[in-house]
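In the two complexes below, chain A is the common chain; its partner is chain B in one and chain C in the other.
Here is the complex of A and B:
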């Protein structure tokens, strides 16, 4: 049993943050909210999302599991204007999702969850450095690095207490330092890892610029990127594996 | 089998020039493939999926370059990959020139991951099976964004490759394996590896079209298992092919020839399984000559099958485009329909197609490949007939291509004439006793060789016909100009008379009654003398005639005779001076 009403904006934010990594996903319809975990085909980037029942206008579920084609569902959600509400109801018989936006009714065929890539085990990482910054600074860093390279190094300079971004291109380089003053918070620790911008650019698309973003970093370790949406009732954690630095 | 091992073996095979040694190397890799035998048997040929499956990777070279670039390291773009490709000319070499594995996978950081060996690598060693499974997932991806997803999957594979692995992965993905392993080599290697006769392997390959399955069955079940492999409704086999041939040769080699019309259409293989009950739907598959699934493009064929067929069958035939009166249209029209994926219903209104079947490979549970052609054709007729209705003339059975058995060249000519008149391409000559050999271009099926050259001959005589044709001239005597084509002769302007003409044969076939009437009208004014049915004609009219060959002959004054001459057209634009000469006849004979 699943029946819920949610604002179009909240639904779209949730879907967008998953669709940057995968085309299809499983959605767990838990009693206290929705949960999605997915990993990209190369097992390099993953997303762990939860949307609490409190984020919905109304929410009823009893622990079902559905598989969806994200782009189809996004298209439907896109039919709503930002203030509009979307009603979702699962037909257990036909395994279809009935979606209603005012007078518009849409019946979406679901995908067999077994045919969707297995959900990832979440690595249990002990990452020494923590950086809390505004979404717009993440956007700016990624954008600057992308001008010169297809990879980006993220690190923390322990002695001088700042977070930095490095990107080395064939000819041009980009370097950005953010000190305690520029950041919301910084816990220093040994941290320097190189990441593919292919992934980070996609993840960045889902990060709102006015949101508080938490990065957990280590040396040659994955980065964990955490942010909230829907007034904190939705949570997204991305994890991205590093690239080995050749020199 | 680890993919690295496969890559090593592939490299050794590629380096080996001798065919026998190649078979031996393939044998060894098949023997070592264990649980991955089916995959390895296909990979050595550069195939990911069995030939009978229409599934393809459907990935463009650009996506592959992109995946290689992403795996290759920092600041390598697909442009760089393309530049290198332009330099070295082969994608395997390009892929092998990069170092992969820089991007780590999350799996390396998951608790309990046994990643002790490859420090910082993206996990454990890539296996042949993982490559196959990932490529299967890639092939299954469809819809919006699927190209990106395919690139992601491929990137994931390249990222785990060594240089040598990447070389063969890139080639496999782009169908450019080219390590010198042909189908025959794999067949022989299966035979040697699992100690089964090569004929048994060959037969099993013919019915299944699946080197992987045949290799596995040969290993696990031996010859008995191979012999038990049968055609399966829904799994296409290769079509039997024809070579060019002549009526003369066909009648010399066979006591009788089976003659069929040759349709100007596209070859199809129809697989049909009737509905098992009222609740289930019939299953129909239509495949091209290359075993591509074209079912959706040809709804008429599916409808025909659903209406007509009452037992599971595999039929061989052609799909022909027809006009509003049912007359065949040229091949180009069929192509507007064949393989079409979009707007099928719309184009169906413009171009109508209908199927015609000439062979039956399987019916009601019986494989018929080993049966003689005539038996298969009888079965075909039974399959296409309405079993409840009264016995009808074969000519009235919809979708049945007629078959005539004859040893009479004249009859063959008239079948040919009728086929051409009906707008078809000509005739096929088949050995009535021959079995069906999938994928073979043998001498049992021959398309009558189209006339290489035609001759323009002067009509110098004719005969009055008999019976219905008593008022028509027929059996026209043909002649060529004696002597050569020298300028002097041309310019002399001397009228051609019967002394300067030499006879080369008589043409009686390839002419309809309507045409005979027209020709009689045209020739009657030139009758010089009559003797009973025989008529001498003034040399005035020129016929264009086709023929199979030119033979020496004492019968005609030229010393030559045209074999199987066929009337093509009246050359109204030519007078006897413009007709062909004996010299050209001799040149053509030598050519």
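Here is the complex of A and C:
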């Protein structure tokens, strides 16, 4: 059983943060909210999302599992204006999701969850550095790096206590330093890893510029990017594997 | 050289580097030659000439050319030509003749001190000397880039490797790759910007031809191995093959003749290739040794290769998250 009413903005934020990595996903309809976990086909980027029942106008579920085509669902959610409410109801017998936006009724055929890529195991990471910054700074870093290169280095300079972003292109370089003062918080630790901008750019699309973003970093380790949405009642954690020296 | 007229026939489209992944079987002579000519054109020859006058511009070319693969997570496998096909002798002879002409012009330009002409002509007179052959292989070995020695045409061998599924693309500027049956060929790997993808299946479907017919059409137009029939361009060739079915019927209908037509045809249909190769696609370049080889042993100006080596060093690989689970 699943029946919920949610604002179009919240639904769209949730879907967008998953669709930057995958086209289809499984959604766990837990009693206390929705949960999605997915990894891209190359196993490089992962998303772990939860949207608490409190983020909904009303929410009833009992632990079911559905598979959805994200772009279809996004298109439907896009039919609503951001303040409008979207009503979702699962028809267990036909395995279809009934969606209502004002007078508009849409019946979405679901995908067999077994046909969707298996959900990833969450890597067990002990990341020594933590950087908390504003979404707009993540935004700016990614944008600047993208002008010169395909990769971006993220690291923490322990001695001087700052977080840095480096990108080196064929001819031009970008370097950005954010000190304690520029950041919301910084816990120094040995950290320097290189990431593909293709992935980071996509993840960045889902990060609101006015939100607080937490980065966990290590030396040639995946980065963990955490942020909240829907007034903190939705949580997204991205994990992105680094590029490292071939061995 | 290959047959540029094939461009009018081939289905080619630009492809972003991001969309390319896997192994590219590179026609090594073709690739090297491109870098060699640009290096010679833009770099003062003193930077790559040893004290005894040996020129190793190829080493600069390789260091500048490889990062492009590494940075895009593409593994290059360098396929070197074996002996030239007997039939290609004419082409080689005419290239030699042309080179002699250039060399004479170069002499004159040097006497007259015409710097622009000197630079242009120097790049045209480049050839793959035994030193270049040898040092290129050694540098590639140090950088752990796989090498495959073709029994004859490197391009045919590269196409064969893609057909067998051991590589994903042939890398060559040469349109002949199509005739050797290369399913997917990447062109302009040596240029700035995105490469072009030449698709055999799409080409055949577009013209409703079989590969055998495409080869016949190319023979009519002219290949590296034969003179074409005069007055037959790409369009006429396709039309004629479609109408008459194959090379012989077209020649008969036109009362024309192609010397060694059957052998040229055989050369494309059943080229001399080998299954006897193996390579490891996880690369572990020894940068220190490579730098020493280039800058110490062959006394290439370190500044010329610094950026290239730096890019190779950074040309690192993408890991998967499963590594941490």
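FYI, the second predicted complex is superposed on the first by the 244 of 247 C-alpha atoms of A that agree within 3 Å, B and C clash if a C-alpha of one lies under 4 Å from a C-alpha of the other, contacts with A are read in each partner's own complex, and residues count from 1 in each chain.
Criterion: a residue touches a chain if its C-beta (ideal position, glycine included) is under 8 Å from a C-beta of that chain, and two chains touch if they have at least 3 such contacts.
No experiment lies behind these values; they were computed from the predicted model shown.
Chemist: In the superposed model on chain A, is it clash or fit for chain B and chain C?
Modeler: Aligned on chain A, chain B and chain C clash with each other.
Chemist: First (chain B), second (chain C), both or neither: which does A:111 touch?
Modeler: So A:111 meets neither chain B nor chain C here.
Chemist: Can A:150 be said to touch chain B (first), chain C (second), both, or neither?
Modeler: A:150: touches chain B and chain C.
Chemist: Identify the partner contact of A:23: answer first if only chain B is touched, second if only chain C is, both if each is, neither if none is.
Modeler: first
Chemist: Check whether A:132 is in contact with chain B, with chain C, with both or with neither, and answer first, second, both or neither.
Modeler: Neither chain B nor chain C is touched by A:132.
Chemist: When the two structures are overlaid on chain A, which partner does A:69 contact: first (chain B), second (chain C), both, or neither?
Modeler: first
Chemist: Residues on chain A in contact with chain B in one complex and with chain C in the other?
Modeler: Dual-contact residues (chain A): 39, 42-46, 120-125, 150-151, 168, 170, 194, 196, 198, 221-222, 239, 241-244, 246.
Chemist: Report the residues of chain A in contact with chain C in the complex, numbered from low to high.
Modeler: Where chain A meets chain C, its residues are 39, 42-46, 120-125, 150-151, 168, 170, 194, 196, 198, 221-222, 239, 241-247.
Chemist: Spell out the part of chain B that touches chain A in their complex, as residue ranges.
Modeler: Interface residues on chain B, with respect to chain A: 70, 73-77, 101-111, 120, 122-123, 134, 137, 141, 143-146, 149, 152-153, 155-156, 159.
Chemist: Which of the residues in chain A end up touching chain B in this complex?
Modeler: 23, 39-46, 69, 71, 117, 120-125, 149-151, 168-170, 194, 196, 198, 220-222, 239, 241-244, 246
Chemist: Tell me, which parts of chain C touch chain A in their complex?
Modeler: By the definition above, chain C touches chain A via 18, 71-72, 282-285, 311, 313-314, 316-325.
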